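Sharing a structure, written as C-alpha cells. Questions coming.
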Amino acid sequence: MIEQSGMPSSKEIGHPQTRTVDSLVSSFKKMAFQARALAEATDILEEMVRDKECVRILSLAGALVPGGLRSLIAGTIRHRIFDIVVTTGANVTHDAIESLGYHHLVPKKLPSDAALFKSGRSRIYDVLIPRAAFMALEKQVGEVLDSLQKTTTASMFLTSLAKRLKDRYSILAAALESDVPIFCPTLVDSALGVMLSTQEEDKTIDSFKDRKMLIERLWESKTSGILILGGGAPKNFAFQSMEVTSKGFDYAVQVTTDRAEFGGLSGASLSEAISWGKVKKDAKTMEVFCDATIAFPLMIAALEERLSESFDIRGA
Amino acid sequence: MIEQSGMPSSKEIGHPQTRTVDSLVSSFKKMAFQARALAEATDILEEMVRDKECVRILSLAGALVPGGLRSLIAGTIRHRIFDIVVTTGANVTHDAIESLGYHHLVPKKLPSDAALFKSGRSRIYDVLIPRAAFMALEKQVGEVLDSLQKTTTASMFLTSLAKRLKDRYSILAAALESDVPIFCPTLVDSALGVMLSTQEEDKTIDSFKDRKMLIERLWESKTSGILILGGGAPKNFAFQSMEVTSKGFDYAVQVTTDRAEFGGLSGASLSEAISWGKVKKDAKTMEVFCDATIAFPLMIAALEERLSESFDIRGA
Amino acid sequence: MIEQSGMPSSKEIGHPQTRTVDSLVSSFKKMAFQARALAEATDILEEMVRDKECVRILSLAGALVPGGLRSLIAGTIRHRIFDIVVTTGANVTHDAIESLGYHHLVPKKLPSDAALFKSGRSRIYDVLIPRAAFMALEKQVGEVLDSLQKTTTASMFLTSLAKRLKDRYSILAAALESDVPIFCPTLVDSALGVMLSTQEEDKTIDSFKDRKMLIERLWESKTSGILILGGGAPKNFAFQSMEVTSKGFDYAVQVTTDRAEFGGLSGASLSEAISWGKVKKDAKTMEVFCDATIAFPLMIAALEERLSESFDIRGA
Amino acid sequence: MIEQSGMPSSKEIGHPQTRTVDSLVSSFKKMAFQARALAEATDILEEMVRDKECVRILSLAGALVPGGLRSLIAGTIRHRIFDIVVTTGANVTHDAIESLGYHHLVPKKLPSDAALFKSGRSRIYDVLIPRAAFMALEKQVGEVLDSLQKTTTASMFLTSLAKRLKDRYSILAAALESDVPIFCPTLVDSALGVMLSTQEEDKTIDSFKDRKMLIERLWESKTSGILILGGGAPKNFAFQSMEVTSKGFDYAVQVTTDRAEFGGLSGASLSEAISWGKVKKDAKTMEVFCDATIAFPLMIAALEERLSESFDIRGA
C-alpha cells in the first residue's frame, strides 16, 4: 500500500512570472497528465545525457523539418545530445532542400489545393514548399551519385550529400561535422528515393549494411537510450536492431499523438517493447502524448538550461 | 494567388539557450502545426486582454484542478485576465476540497483500482484524492445551505461557499475577491451536486437565473472573448448564451484534444460556431490541439511576460 | 503463466460472404484491437439484457441525434433494452425538433459558415439544421410550461413535452410510451434550457429531485448496467449516482473517441471508476474506441439478431 | 446557396432487424460523421472496382495481420479487388509466420510484459506471438536466399518466399497465385529485414527496381485508385510513385485514426495530396477515421454483397 508521507502533493504550478522554460517544465512535475509526463520525460533525457557511457539515439518521423524543428535538431546533434540519428527519408530530403535555399513558406491565407498545385507549390498541413526545390535537389543528387561507388549505403549517400551542404542549421551537415551517423531505413520511400530510382547510373543502395552497423554499435554500447519523435519506421528500425542484441534500451522516451488501442507501432507503449526485449524491464521510460513541435522544444530548452555549464557552447 | 514576398519563411526556432517562456512561444510563430497554433492563440489572447472594452470568459472543462492548474487559474482571475468563469462542477468541487486541506496526491507507484477503493483513495488518471475530502466538504456545504434562502442560484451558492475558504490559491476565493462571477451550469452533476441533492433542507437551485445573468452581461458588452479549455457543457453554455444576443464572440481560443470529425461539441471547430452566430464571422479564432496542462501554462506565462508592465502584481 | 491450450487463436475473420451483421460482429471476437473490443462489448450488452434483474442505463452525449441515431435509440427504448436514459440537453432538443418536422439536412456541398448563418441554417459537422426549428420548438415549450406547476423537474418537463409529440421515431415519445424516465442533468445547458431561461412565467426546474430519483432507482436494483455513448455530464451523473449507493455497476460499456491520458472524464477508463466505487471491482466492462455512429448500430443490430426470439417485435 | 429540395434528409437508420452488412452500411449514407464517411467510402470503392480500366492499389500499414485481417486481405487479392499491394514489412512477416503454423494468441488475462518476454511470447497490444515463430521463419529465409541471385528486389524475394507457403489464407500466397505484385519499400525495417541483414550470403536487395516497376505500372494505367489502411511508408510510396507520373489517383479512400493537425503523412488529408499532384483535383476521395479492424471488414463485406453476381467465387 502506498504511504502518504513521501508522496509529494500534486501542487499547482505557481503564479506565472517571467520565467525560464526549465522553471516551467520543472514545475510540471507537481502536476498531472501530460504536463507531468513531459516533465518526467525531460528528467529521463537529462539522466540519459549525463550517463557518459550511454549511446543515445534520436528517432525522427513525421514532418519535423517542415514543422520547423530543423535547426533545433541540428543543434542537439552538434551538442552531441544524440550520437545516432534514425530518420524517415522525408526529413533528410526537406533538410537538404532548405540548405539549397528553398524554404517552407507560411501563406497568409491558404489557397485551394488545386490552385496550389497549379502554382507550383505543395502543402504540408499549414506550410508550403515550392516544387522547384525538388528539381534543384535532383541536380545535387546526380553529382553525389557520380562520386559514389556502384553499391553504396543510405548513410554513405547521406554523408556525401552532406559534404555539399554549407549550412550550419542543417541536420545533415551537423551530423557530418559531429561524426554522428544518420540511418535512413526508408530512404527509398522519399523524394530522394524517387530521384535515386530514376537515375540512369544504375547505382544501388544496399539496405542491409546500415542495419548491421547499427546493431554493432548497440552491441558495443554499455548503456543506451532513445528519444522517439512520432514512431514509424525509424522507431521500428532502432527497436528491432536492439532486439537482435538481446540487451534492451536503458532509457526510452516517446513523443507521439498516436494511441495504443489501435495496435499500430507508432502508438505502441514502451511497456509492450519490454515483451520483445527491445526495452529493458527496469528501464526508465515515459510516453508524452503531445505534438512534437511543442514538446520537443520544451524538453530541449529545459535540458540545455540544466546542462549549460557542461555544454560545449562553441560546438553549436 | 499568394506572393512569396510578404510571406514569412517557416524558419526554425533558434538553438535553445536559457530563455524565457515567451521567447520560446513567440518563436513558435515561425513554425508549423500545433506549435504555431499555440503561438497564434497566445497572440489572440494578448489582443483580447489589451482590448479594454472586452468582456473575457474562461471556460473550464476536464480535470483541470486535479491536473494542477488551480492556482494558475486563480491567478488569471486575480489579474482580471478573465471577467467571467464558466466551469463544470468538478473543478469547483476539487478547488474547494483543496482549500479544506485535502490535496491531490502523486503515488510513486499506482496500486490497483480495487486496492485504491479499499484504501479510501480514488484516482483521476495519475493523481489520487482521499475520499475523506468529500465528507469534509459535505460539512461545509451544510453550513453554507443554512445561510441561504430557499431558492438560490449556482453562482450565489458558490459565492457563499467561497466566503468560507481562506486560501489565496483557490479559484472560488480569487473570484469572490475579484468580483468575477462563476457560472456552473452543471453544478448538479458533481460531488457538490450530489451533496445538494441529498440535503434535508429542501433548498432549491434555480438553474435559469444564472443563464439570464450571463446573457445580460454579454448583451451589454462592447466586445467579447473566450478561452475554452476542453469544451463540454461550459463551452456550450457560453456559446448558447452568446447566440441569444445575436452578437457573436470577437475573440475565441479553444484548447482541446477532441476532434471535429466525430460531430461532438468539444471537438467542434470555432468556424462551425459562426454558422450559429456564436462567433462573429470575422472574429479572431484559433484551436490548439494539445493537453491543457501543457498549453495553458505556456500561454499564460507568455502572456504575463508581455503584459508585465501593465499588470497589477499586487493583485496576485 | 498462460497456457497455449485453451487460448483461442487470433484467427482472421473468414472470407466475406453475404452475411448478417451479427455474423460479422461475432467473428470480431477472434480478431484484435477495437474489432475485438466491439465484439466483447456486444457480449456484455447481451449478458446485461438477458439478466432479468438488471436495471440498464443508456447514457447519451455527443451529437447523436443530429448524427442519425435517433430512431435507433428510440427503438432500444421501446424494446426495453434500456430502462433509464441519461442524456445531454442537445439530444432531447434535436429529438423534439425532428418531431416538429424539422430535419437535419445533408448538403451536396458545404457553404461557408458565414453563408450558412446568413441563410438561416446552422451546421453540426456535416449536417445542417434550419434555425426556424428552434422557433417552432419555443412555441411548444411555452405551451408545455402553461401546463406545469411553478416548480418542476427536468424529467417531468420532458414528459410533458413528449406528450405533445406524435412520432414513433422520437426518443422522448418512445420513453413516455415505455415508461422509461429520461434524466437530463444539463437541460439548462441546451437550446431548451435557453428557452426555459428566457420565459416570462418564472417557472423553476428543481435539478435535485431527478438526482434523488435516479439514486433511489439504483439503490433498489439487484444488478445494474450502463452503456455510455461519448461520456460527458450524463456519464458523470449516472456514475456519481451509483457512487452514492455504494454498490457499483455490474456491467459497463463505454464507446468513446476520447482517451485517458489527458485526465478528462469522457476518456477516463472504466477501471478508474472502480477506485471510486462507481463500478464493481469484478464487473464486466469494455471500452470501445470508435465513433458511436458506427459502433452503436453494429452492437444493437448484432444484439437484436441474438435476441430476436425473445423480442416483442410489436413494440417497435 | 444550397436548395432544400434535392438535399436528402439525414434520416435515421431504421430499427435494427436481422439484416445484412450492406443494408447497414448503405443506411449509414443517411447519417452523419464517420458512419456517413464509411458509407461514402464504400461507394467509392464500389465505383473503383466496377471501373474495368482502373489499376487498384491496397496500401497496408499498422498491425493488420496481427489484428486478424489476414485472410480477408488475402480474399480481396484473390478476387482481384486489388491489383497491387504496397505494405510494411511487418505485415508480410506476420503473414509468413502464420503460414508456418505460428498463430497470434489471445490470452485470457495479460501477464506483465516482463513475464511475457521471459516466457518467449511477445505482445502486440492484445495479442501474443511466440518468438519461436521468428526462428522458424529465419530457416525459411535462408532457403529462399539460396535460390536467389546476388542482387534481388523486395518483390522478387517475397515471391520466392510465397512459393514455399501452402496456405490459402496467406496474403503472400494469394498474391502469387493471383499475379498481384507486393511492394514492400520498408522490407529492411522488419523482422524479415533483420534476417536478411544478418545472413552470411551477402545477397543484396535493390530497393529501386521495385519503385521503377510501380511507376511504370501507374504510367500505363488508364485510371487508378487506392485504398489506404493506416498511412505510413506504403501510403507515401504509392503517392510519390504517382506524383512522378504527373497523373494523380482517380479514386482514393483512407482509413486512419491519425489526424491532420500534427502535420504527419498518415493523418494528412487526401486534399493535401492534390497540391502534390498525387491525387487528381476532381478525384473521388473519402477519409474514414476509424480503426481499420472495424472499418475494413465492414466495407469489404458490403462490397462483396454488391458485387456478388459479378464475383468469381471459385477464385476465393
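All chains are identified by letter, namely A, B, C and D, in their written order; residue positions are counted from 1 within each chain.
The definition used in the following text is that a residue touches a chain if its C-beta (ideal position, glycine included) is under 8 Å from a C-beta of that chain, and two chains touch if they have at least 3 such contacts.
In this text, all values refer to a predicted model and were calculated from it rather than measured experimentally.
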Joint neighbours of chain D and chain B, given as chain labels: A, C
Fitting chain A to chain D on CA atoms, where both chains share a sequence, rotation angle to nearest 5 degrees: 180
Copies chain D and chain C - interface residue numbers shared by over half, same or different: same
Comparison of B-C and A-C (more C-beta pairs in contact): B-C
CA centroid of chain B to CA centroid of chain C, Å: 27
For chain C paired with chain D, centre-to-centre distance based on mean C-alpha positions, whole Å: 34
Chain A and chain C: spacing of chain centres that average the CA atoms, whole Å: 43
For chain B, residues that touch 2 or more chains besides their own: 32-34, 63, 66-67, 121, 124-126, 259, 261-263, 289, 291, 293
Chain contact graph, described as a line, ring, star, complete graph or other shape: complete
Residues of chain C touching chain A in the complex: 32-34, 37, 259, 261-263, 289
Chain B residues within the chain C interface of the complex: 61-63, 66-67, 88, 90, 113-114, 116-117, 121-126, 151, 185-191, 193-194, 196-198, 204-208, 211-212, 215, 230, 232-233, 236-237, 240-241, 243-244, 257-266, 268, 271-277, 281, 291-293
Footprint of chain A on chain B - complex, ascending: 1-2, 4, 6-22, 24, 27-28, 30-36, 38, 63, 66-72, 75, 103-109, 111, 115, 119, 121, 124-128, 169, 289-291, 293-295, 297-298, 300-301, 303-305, 308, 316
